[in-house]
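Right after this note come the structures.
Presented sequentially are two complexes of chain A, the first with chain B as partner and the second with chain C.
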Partner chain A sequence: MSEQPSFTLDGRRIPFRDGQTVMAAALAAGVYIPHLCFNPEFAPHGSCRVCLVKVNGRVQAACTTPAAAGQLVQSEIEELREIRRGILQMLFVEGNHVCPACEKSGACQLQAVAYYVGMLAPHYTHFYPRRSVDASHPEAVIDFNRCILCELCVRASREVDGKNIFAVRGRGINARLVVNTPSGKLGATDFSVGDKAAQVCPTGAILLKHHGYEIPIGQRLYDRKPINVVGDVAQLSESRGGRRHD
Partner chain B sequence: MAESSTLAQTIREIVQRHGGMSTRLLQILREVQDHFTWLPPETLDQVAEALGVSPDKVRNVAEFYSFLYTEPRGFYDILFSDNITDRMLGSRELLHYLCERLDMEINTTRADGLVSVGTTSCTGMCDQGPAALVNGYALTRLDKPRLDRIVDLVNSRTPLTEWPREFFEVTSNIRRADILLGRHFADGAALRAVLKRGPEAILEEMVKSGLRGQGGAGFKSAAKWISCRGAPGDVKYVVCNADEGEPGTFKDRVLMQDFADLVFEGMTLCGRVIGARQGFVYLRGEYRYLLEALKATLLRRREVGLLGEAILGDPGFQFDIDIHMGAGAYVCGEESALIESLEGKHGVPRIRPPFPTTHGYLNKPTVVNNVETFAAAAKIAVEGGAWFASRGTAESKGTKLLSLSGDCERPGIYEYPFGVTVRRVLEDCGARDAQGIQMAGPAGHMISARQFDRRICFEDLATGGSFMVFDQSRDILDGIRNFTHFFVHESCGFCTPCRVGTSLMRDLVTKVHTGHGTRADLEEMRKLGRIMQVACHCGLGQTAPNPVLDSLDQFPESWERRLRSTAYEPAFDLNAALEEARRLTGRDDPGAYLSGQDLLIGAMP
Partner chain C sequence: MSTLETAARPEYLCRIAIDPLSRVEGHGKVTLLVDRDHHIRQARLHIVEFRGFEKFIQGRPYWEVPVLVQRLCGICPVSHHLAAAKAVDQLVGAREIPPTAEKMRRLMHYGQTLQSHAVHFFHLASPDFLFDFDHEAAYRNIGGVMADYPDVARQGVLLRKYGQEVIRVTAGKRIHGSGTVPGGVNKALTLQERNYLLADLDLMIQWGRNILKLMKAAYAANPGYFTYFATIRSNYLSLIRADGALDLYHGGLRAKNDKGEILFDHLDYRRYAQVLREQVKPWSYMKFPFINSLGPERGWYRVGPLARIDNCDFIATPLAEEERREFMALGGGEPIHVTLAYHWARMIELLHVTEAIKELLLDPDLFGDELAARGEMAREGIGVIEAPRGTLFHHYRINEDGLIEKANLIVSTTNNNQAMNESIRQVAERYLDGKELTEPLLNQIEVAVRAYDPCLSCATHALGRMPLYVELVSEDSGSVVDCLVRDADGTVRNSV
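Take a look at the complex of A and B:
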């Protein structure tokens, strides 16, 4: 019997199965590579670019790069941390992210990854786009100011819920999340809090009504331990401070 | 009621003409817009219903492409080409002049709904600009007298078909011909060669020729063909990338205008070699004026047995070609985005691998080659690989078509063997006073006079063909700033570093260009550029910072002379922030503005 193939990630041997990506194999081996648009329950998207690693010297997204035997993968090196910080800073200035005023602060993947990569300030000039808040739905609010275009709600609604409620429209810096109804209002859809789409947002863009501040600041998911230890908010159950329904 | 049923009927007819195929969605939307001048929401719903796809898919496409409008648009839609070469020929002044004469603002539709005026990315008429598009058709050699006549034609509601023909005249301006443009080619010769000698022999010639992708990426063409031929599956496709969007390049336009048979022959040859029965030309929307002539050429080729069933009488040789029009999206020049667009979707580059040679159009093995590559392949099949490889350099065989524009006496198309020096090209085109060259377009490289002995080939300066000359009278930063705007407009928005980074770069360049930058901003540009080069999802974002980074190295004095002497200048502009207060109070006197001196005094304790 031959040994399972493996690659090296920051000096550590990571076994993989045929067809696995660098990200999937690392995750299975319990090694954290920061990410936002990646969620193990969905096909890789490759758009946020936070999970960039060096594969045999070349910068590539870990979530879309197929694992191959003998690959030399680097992740926790200063060169990549600097790039990741830059990408996080871009996401922060592109939208309107006011952490102290956000219900998700402390249990927000965007915020937790920013801390993880060592981002202390947005650095770039804020775009301050004019975006809206949609509170038309009885049970949920969408705050478009906080959307980072990861398309996880789009994918979850289409692939898991079978509802196709969300879409990303427009081009370039004008790309934006929309609700797929003539009015563009969530209240006009059959969106429900039990939907997968309600559980996957890595930011505070999709929030449930009537559940504000149930867990006090200071006791939230990432308040005591960093995301590489705790894991993604979308992968953790509500009872553990995550978004996932049990 | 009657009106809405007519609308539904019109759309059903258009959809039926396209066989009800959702892959034709972009083509269908173009036609619907031709009919209604824009795409009202109800037309999108009707298209979705007639095609049996979700309305959201149709809206995604409608909102992605620059030439599709989801807001009302004038009956005459005039878009000025906004490449730096058009600007060098005075396009901005003409744009303002036209708007003044039409009594309207730029980037608006006139109140009577008759005319819209705006700008668009390079329309590929750099050797005969300033250029524009009217309802998608190319206008060349604009000047004030011509615009005066256009104003009259618009105001008198004269149909486009009755506008003077010379307004739409596009000349080829071939200034130097070598083996591709200069030698006669007998239609069908390459197809006879493949029937006589077999696909393997032709592939051997292709390998011998050393032909590389002439779009600029330089991948070995034979390797692509061999990989696709060997890929499993009975259904394969040939795609010709005629989405010539790189600002400053127009050689594919000339090939499609004067050498369409040669290009179609190369595609048909490829079809025979890889075992494909269907080919597509993806023609950029800006070249709409070529469509009827190209369709006529395809028809003629079918009639004489060079296309369609039983080519050259061989019942086993079937191949046909369809033309798909783009609609204003530079990113669709990237081959996987182009394939998405061919499938009727918005053009976002795919995750690669897998590559098109195994998973291309409709996930079937597909060869995507540039126009010039197919033309060269047809010649190689007839004349042999060794003949082609006798020209050029060790790693770059054959010739290259260059599109010359900017500050030179004889702009146009120049065909050179690979390895020609920049200096030689400048001499030939009559550029006496060149300060710098933007090679291969904004995605390529800017070089200064110190580098004019460099050679044009894959070993040194690789290019898809764009060659824009800036003479000593020009401010290099005007060009750089123009290019940063181009990339903001053309970013597809999929990945973070391109979507956000292109805007950040434009803002930094603008800050310095307008005299508000400091040394810290230059360092910031370098840092941002390095992130974009490695972090972006596709070539668009990876190359977008090139002009900035190159000019920082090659023309440091152009940047430095605009810097403020302070170490740091905030991006926050107090005067701009006071604009709303000025408007509210109706003040526009000098006292309502702050000068730099006021700011310094204000900052003192």
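Take a look at the complex of A and C:
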């Protein structure tokens, strides 16, 4: 019987199965690599770049790099923490992320990853883009100010819900999330709060309507423990901001 | 109204600015225009901050507003949180919220009032009582109080801490928590939290009584100064409970004139716009509210602790009621107009809220499990509360999607705008006029403003409606060549 192949991550042996990525194998072994656009239920996307690791000395996205026997992978090193902090700092100034008033604060993956990588201030000049809030749907609201273009809602709607409600339009700095209807309004779609797409947002961009702040401070997802201990928003029952569907 | 609002010939006067005003919340300044014989010709309180909350919450979801608008202030965010929450209750059709929710909110509010009154009296205002005007300026602060009156300073710090702990237990954080949800609150009290808060409460009540002794001693030591300094006759506005009791969380609007006669009573605060108006003046970012039926000249009023004690028929907690009776006896049947008595009234309220917190903590309703109520959605909501500094109005209108379309906030300090200006003019005329102005004399102006406990950061938000004057002045003659005016309604005209 042959031994399961493995690679080394920050000095720890990580076994993997054929076809697994560095990220998938690390998470399966209980080792956290920070990420935003990665969700094990969907095909890796490799767009947020937060999961950058060094594989045999070369910087690559852990979520898209296939695991290979004998790889030497580094993750928790200052060089990468600096890159990750920079990415988070850019994400925070590119949109309008007003944590003090955001209902998702304390249960937000973006915020939790920022804390994890040691980002405590935005650093860069804010773009302050003019973005809208789409509250046309009776049960959900989309705050485009908080979208980080992870495309998890796009993938969830297309691959799980079979509705193809969301898309990303434009390129580069002009890329933005849109709703696939002539009016561009969520209210014109058959979107439902029970959809997978309603549950995967790592920020406060897609929220339940008429509800907010129902989990007391101190009991929210990341109030007591950091994300590397708690896990992702989407993987937990509190993923809907801990709110009740009533 | 004083004649010192606008000097006839400002170009020939010397300008003296007290900038910034010290030991108040937010940023403001006082300008004095003085002639060559040291006579004061103009005195104005200016608010130099600009906030814009009414504008930038437009387009935000209504349920976000109580958490968003509390960022107006770091001293009394709970007041904004609760005023907005009361407005949101109306938006979600919660005509009545469950007893647990109301009492948790009251507890939060009393904790807020306690810490805010403590921070104002001990940290900001106590040097005005404990030190002379001409005491070294660098010593007239909480550091000086700590050095010379360590027990007073310690009690002040711990009273504030206790109030902050009440807020933390009810709202999750000492500053900028999130205790309310549409139609209620997000948590009840636990037995452990109740016992924690009860442990020190009797000591807080005792300290509340001690401060009143200190306050009365300060009055007795110099009744003439106390009675006349910055004192003005005015109307008074506050919320009042249905039975006439002092109520800081809910009630109808009561206004009295300077003789104590009722102008309106138990008025549903959702009708505030029928009785109150706001005037805009070209030299101030802060608006000037007045009672509509009396007009801007006679209709300005005062709010806050003095107004509340003047307006109420009684206080429902025994120790504070005893103090109220003793206080009101000074007026001989009329309202107390003494501006420095704001401090005294504030300490009566501080004692009241410590007693009220004890009553609440012993109330089993705080442990209930029905936390929120809902009904039929409405498009307009108005929440009013007695914030530490006075009556606070939050008025919101939403569109069919639930996004804020219009917001109007009349903040406590704004209500006192004209009164603060009148008080500094009284001080300027009575104590400064004809004298060469020195720092101790200018400090008296600050003492007058400080009595009102203004929160200047909360009080300015008239985005897009600021009137502006731009004057082109001849370098040679000093005469005005051209003048462009933007009026309060946004129209621009040439006035020359």
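What we mean here is this: the second predicted complex is superposed on the first by the 236 of 246 C-alpha atoms of A that agree within 3 Å, B and C clash if a C-alpha of one lies under 4 Å from a C-alpha of the other, contacts with A are read in each partner's own complex, and residues count from 1 in each chain.
By definition in this document, contacts are C-beta pairs under 8 Å (C-beta built on N, C-alpha and C of every residue); 3 or more make two chains touch, one makes a residue touch a chain.
All values derive from a computational prediction rather than experimental measurement.
Contact with chain C, but none with chain B, is seen for A:Val133 once the two complexes are overlaid on the shared chain.
Residue contacts after overlaying the shared chain place A:Asn164 against chain B, while chain C stays out of touching range.
By the touch criterion defined above, A:Pro44 reaches chain B but does not reach chain C.
Contact with chain B, but none with chain C, is seen for A:Tyr124 once the two complexes are overlaid on the shared chain. In the superposed model, A:His211 makes contact with chain C only, not with chain B.
Note on chain A: of its two partners chain C and chain B, the one contacting more of its residues is B.
Shared-chain residue A:Ser192: touches no atom of chain B or chain C. Look at A:Gln20: by the touch rule set out above, it reaches neither chain B nor chain C.
In the superposed pair of complexes, A:Leu52 makes contact with chain B only, with no contact to chain C. In the overlay built on the shared chain, the residue A:Ser6 is in contact with neither chain B nor chain C.
Across the interface of their complex, chain C is touched by residues 100-101, 103, 132-133, 135-136, 141, 143, 209-218 of chain A. The residues of chain C lying in touch with chain A in their complex are 59-61, 63-64, 67-68, 71, 92, 171-173, 176-182, 186-187, 401-403.
Those residues of chain B whose C-beta lies close enough to touch chain A in the complex are 41, 54-56, 59-60, 63-66, 329, 346, 351, 353, 488-497, 499-504, 507, 527-528, 531, 534-537, 571-572. On the side of chain A, the complex with chain B involves touching residues 44, 46-50, 52, 59, 61, 64, 66, 82-83, 86-87, 90-91, 93-94, 124-125, 127, 148-149, 164, 167-175, 180, 182.
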